[in-house]
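Following: one structure in structure tokens, then a few remarks.
Note that the chains are named A, B, C and D in the order they appear, and that numbering of residues resets to 1 at the start of each chain.
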Amino acid sequence: MAGNTHGTLFKLTTFGESHGKAIGGVIDGCPAGLTLDITAIQNDLDRRKPGQSAIVTQRKEPDEVEFFSGIFEGQTTGTPIGFAIHNTNQKSKDYSHIKDSYRPSHADYVYDEKYGLRDYRGGGRSSARETASRVVAGAIAKQFLAPVTINAYVSAVGTIQLDHDPSKVDLSQIENNPVRCPDAAVATEMENYIKAIRKEGDTVGGIVTCVIKDLPVGLGEPVFDKLHAELGKAMLSINAVKGFEYGSGFAGTQMKGSQHNDLFNTDASTKTNRSGGVQGGISNGMDIYFNVAFKPVATIMQNQETINSKGESVAMQGKGRHDPCVVPRAVPIVEAMAALVLADFKLLKRTNKI
Amino acid sequence: MAGNTHGTLFKLTTFGESHGKAIGGVIDGCPAGLTLDITAIQNDLDRRKPGQSAIVTQRKEPDEVEFFSGIFEGQTTGTPIGFAIHNTNQKSKDYSHIKDSYRPSHADYVYDEKYGLRDYRGGGRSSARETASRVVAGAIAKQFLAPVTINAYVSAVGTIQLDHDPSKVDLSQIENNPVRCPDAAVATEMENYIKAIRKEGDTVGGIVTCVIKDLPVGLGEPVFDKLHAELGKAMLSINAVKGFEYGSGFAGTQMKGSQHNDLFNTDASTKTNRSGGVQGGISNGMDIYFNVAFKPVATIMQNQETINSKGESVAMQGKGRHDPCVVPRAVPIVEAMAALVLADFKLLKRTNKI
Amino acid sequence: MAGNTHGTLFKLTTFGESHGKAIGGVIDGCPAGLTLDITAIQNDLDRRKPGQSAIVTQRKEPDEVEFFSGIFEGQTTGTPIGFAIHNTNQKSKDYSHIKDSYRPSHADYVYDEKYGLRDYRGGGRSSARETASRVVAGAIAKQFLAPVTINAYVSAVGTIQLDHDPSKVDLSQIENNPVRCPDAAVATEMENYIKAIRKEGDTVGGIVTCVIKDLPVGLGEPVFDKLHAELGKAMLSINAVKGFEYGSGFAGTQMKGSQHNDLFNTDASTKTNRSGGVQGGISNGMDIYFNVAFKPVATIMQNQETINSKGESVAMQGKGRHDPCVVPRAVPIVEAMAALVLADFKLLKRTNKI
Amino acid sequence: MAGNTHGTLFKLTTFGESHGKAIGGVIDGCPAGLTLDITAIQNDLDRRKPGQSAIVTQRKEPDEVEFFSGIFEGQTTGTPIGFAIHNTNQKSKDYSHIKDSYRPSHADYVYDEKYGLRDYRGGGRSSARETASRVVAGAIAKQFLAPVTINAYVSAVGTIQLDHDPSKVDLSQIENNPVRCPDAAVATEMENYIKAIRKEGDTVGGIVTCVIKDLPVGLGEPVFDKLHAELGKAMLSINAVKGFEYGSGFAGTQMKGSQHNDLFNTDASTKTNRSGGVQGGISNGMDIYFNVAFKPVATIMQNQETINSKGESVAMQGKGRHDPCVVPRAVPIVEAMAALVLADFKLLKRTNKI
């Protein structure tokens, strides 16, 4: 498995299983001279961590990051930044029941087939716990990208949808409620729905929208490494993601060209932004916005029929502490992946002209 | 611009502008010993080429591929396969009117900003003409992947949508009509709509669905290079694509976990396939299916206001020969990109175990 | 600095400064199912560590490796192997005298110029301490490569040269003396010379020879990633290395083709081995052997004139605990880098044919 | 075979066999806005081409390059530069005698083993003809690097060695004789020796030295992608190369640290240059110089015993038109590979600081 590195110049390599000693990673290519705000990094980790509110998993993990290298007297040195988040909550016994059984819509079976064995403790490498390492690296990337801003929020939980224009959303409201939806009334509705779902022992999906502001023109490397293509890959690499669309997205397929085209103002901004801030795979200076679709969490607190590694039918009882809906905690992960993509393209852009 | 290579082991690097001498590429990493069916390659090029039917652009380009290397006595030798498609239809004067003007929702402006200059003849590198090189490489990848099958088809044109279960579609019907929709009645409706749109001098978007059958378990390299993440990136790198979803996709966000989970049969196949053939970023042996959203073509045969490179407002007249709807010709491109992704993962899979 | 990853499929990314919290790395792409001999890994670390004999630096560092991930019940799982070696000997005050001064023939000056700042504690990232991480990964690579054997030894210290045919050296004698020279008499001579050099407060260079046996035919990826080219790069990436030659090497330039050509036996082995086991960049089944040239260590226990960061001339006093000759400790590093190169090519070879 | 790409940002991918339709390549990542001197490119090709003097192979190949893309109105556009050199001298019958036989010290046998088949016409992909593509790309890289200068010359032919200090050689003399040795008297001696060797039907090796001037401080990416490590790999990837050393090289292993260290002047230049312009893998602003060892060409005009693909002993008669000594034609190839390495590092350097 050589797929654990993201990026060409601003690179993140992660390691770690959900119930091993530690997860962590190496950030290689972060430019020298960046004064790091460590509190901001921990703040993003806290936005992702379990137990932060009543509507997420109640597992307790402090998720404190330890940096090993690459930072000296508060600044990045240009050398690789090694870090780890130690796993303090290794209740391996919780997972003994899945040692030989394959949970439906989980990766247990495919890992066993692909590698011939698997670390069966809590999903092992396939657990979303791994994304904490992405949040660390993304938080550093954000600091490198300033004054570019990257804000994600929950725009749908199940069938409850926020009616929103991403460029006009009041981003300051996002963190005011546990759902991370910028409209207080809709957020309450979503929160109640998630609580009801949890009581059923069930889970539900949702959509995270992300808005990027103040990005310069020129990021993205056609023809294969287009800006939106790398954003799409980065989002699809997050656990439970089933779809990605930017700008007009799937709805745009129903429009005519005469309706869809974004006409220019004389300062080269556009009167509309159906392009979502990207033309031909390159940022055009307008807001970038995109939607990320998350499926309902596969682990439910209900009994299910499944099979074991011998191909025998077995009953699987729902237990453990899991998220009824993943999108509130996915918000900082979406931002982190966007930041990693943009940091990489920011560096690549420096090489476009002689 | 260093973004012109796709893949890690089965690699395609493309070159070429729409109105330069030639487009083409190098396929590096195609394994040795593959007996090539050159006719099948040309056949896929013909499915993409202009002028093939009444509902696509009427430009005439033969799009014949010339191979320079890597093939000996009908077989691949394991050395790089260099090829070119010579541009025979270089009417540069057609494009003199856009030399100094930026077409709305085209890449003219961002190329000028990013590189400081651009080949203004017909879109240059940002033209979809480049995708012919992808079709060549994808056709070779398909032969390497056999007996895996990859079939794409048009599932929506504007608001006309095919009601379909991707695993049950009669794939043999796709090529029976110029739209490449496997339902004859819906295809006729789509065809008529495209003709009407063209008469208006307008364009319309659509959706291409792709189905992959008989893929073994185990393709995909978590955590960043998940199978669906690479498929998504590959699709989003195609001109005019605005979105990608696989399996239950965006609709899956509205489901509950108890509805969404795919329960196992005792042979490890699943009773349903909302996962779209991928679990945790790894193929699970079920059919893979995904949707690709294409926006309406930006070039319309109507007058539009725009700006020139000095930031002055100018009128732009629609002219030239362009596609009213891109999806019929996009079908082989979607298949080609899927084949390139799968060929790469097929090789990577060989390295998973000792 | 994005140069901290080695390999395409069997990949090592390292991090860490000599006097930071820890050094370490991530091994991504090690195939699943390898039963690890942890003792063998520590043994290679011990061969590299300071203080192991009277002729190396007397610093005390235990160099114990902690594994974070990728190993389960004694086997590799195919997921990334994260590890760290904690720095226990962080006497930062030892290095305060070089905070503002540039040591001759060290990297202090170029790091300051390249990055605008540097971790001045003991060489920081440019210290050879980083190579301990390579030894960890190389020891794992060796286990993956078995029954291929990789043995390095000291063949020259200053002007004292071993007269040897690499294919006939008794490799079992290498570890019998602190110099790691397989000839006891020459080893004693070298040892005495190193002791004399140390008394002078001086240092001396040397040559490490490496022999690889039982490697199959077919490793190496022309035209750029030839087997000997990657071996050469890997060796040249080790601190203090000034040259690399394989097979007949520089001496071969003086020969005629009729003398130099290796004639075949009917089993496709060759009667001579001036090719050094590589033809056209691909292993040919014969022993691979090569020489690696190490310069004398730049840190000497003598006073030297140098400059500070303001460009002022300053006196620099030799102090600290350093190696008088680096080659005895370089032996396991050379082996480790060779193992990493071969492990990568072993995996790549699986993709050569359909 | 996925080893046909060189570089991370300034990338060259080559294709082509010696007796196929064409050789060529794609340069991806050459920055936009470079006004190309096409004559200078052809001039470097002419320095490499066969038949240029009495001491090289007398084959006739014009080696004219055709550019397909990436250049518009005389300037690079930032898009990939595709090019081909058509093979006009495809006398395949010349090589029918090696169809089933393995030439000693050639790559015939290993290609057959690795790929299961080979293009047996004249060495196919393993022929040094491929290096013409490198010269094209290198000539463009040189123009990007100006005012940095890269000059290679022949410093040894067999046992005839030039006594030279690379920083003091009169580089203007190199092209004044067919050997490309900057000392006229030694050049004559070498020329006569090569002629004598050719009369014997034999071949001889030699050394090419390369000097790089006016390179800024800061190129090279430790720890694995050190400047000299990439230079070494690039040189070792050239056909027939057996060794690489820079600065003091192998001779430096015999020196003491007190002799070897380069002391600073107050402007940070050094009083001596045993480091060869590189410290810790990063350029230090002094001249870079290195030696490249070439073995004698394996094709000799004498009869040799060898084996065929069935493992039978067969006689092989020397015939064809080959170089008695490869170093005069290798000079522009060494320069080209150096230029590709430096162009890549020049771009990477732009990403070191925030």
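One rule holds in what follows: a residue touches a chain if its C-beta (ideal position, glycine included) is under 8 Å from a C-beta of that chain, and two chains touch if they have at least 3 such contacts.
All figures in this text were calculated on a predicted structure; none of them were measured in a lab.
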Interface with more contacting C-beta pairs, comparing A-D to B-D: B-D
Chain of greatest Cα-centre distance to chain A: D
Mean-CA-position distance for chain D and chain A (Å): 46
Distance from chain B to chain A - Cα centre to Cα centre, in angstrom: 26
Whole-Å gap between the CA centroids of chain B and chain D: 39
Set of chain C residues in contact with two or more other chains: 1-5, 8-9, 14, 29, 32-33, 78, 114-116, 125, 348, 351-353
Sites on chain B touched by chain A in the complex: 1-6, 8, 14, 102, 104-107, 109-111, 113-116, 125-126, 130, 156, 158-159, 197, 200, 202-207, 217-218, 220-226, 228-230, 232-234, 236-237, 239, 242-250, 252-268, 270, 274-276, 279-284, 291, 293-300, 302, 304-307, 311-313, 348-349, 351-353
Touch list for chain A against partner chain C, complex: 1-5, 8-11, 13-17, 20-26, 28-29, 32-33, 66-70, 72, 75, 77-82, 84, 114-119, 124-125
Touching residues (chain side chain A, partner chain D) in the complex: 8-9, 29, 31-34, 76, 78, 144, 347-348, 350-354
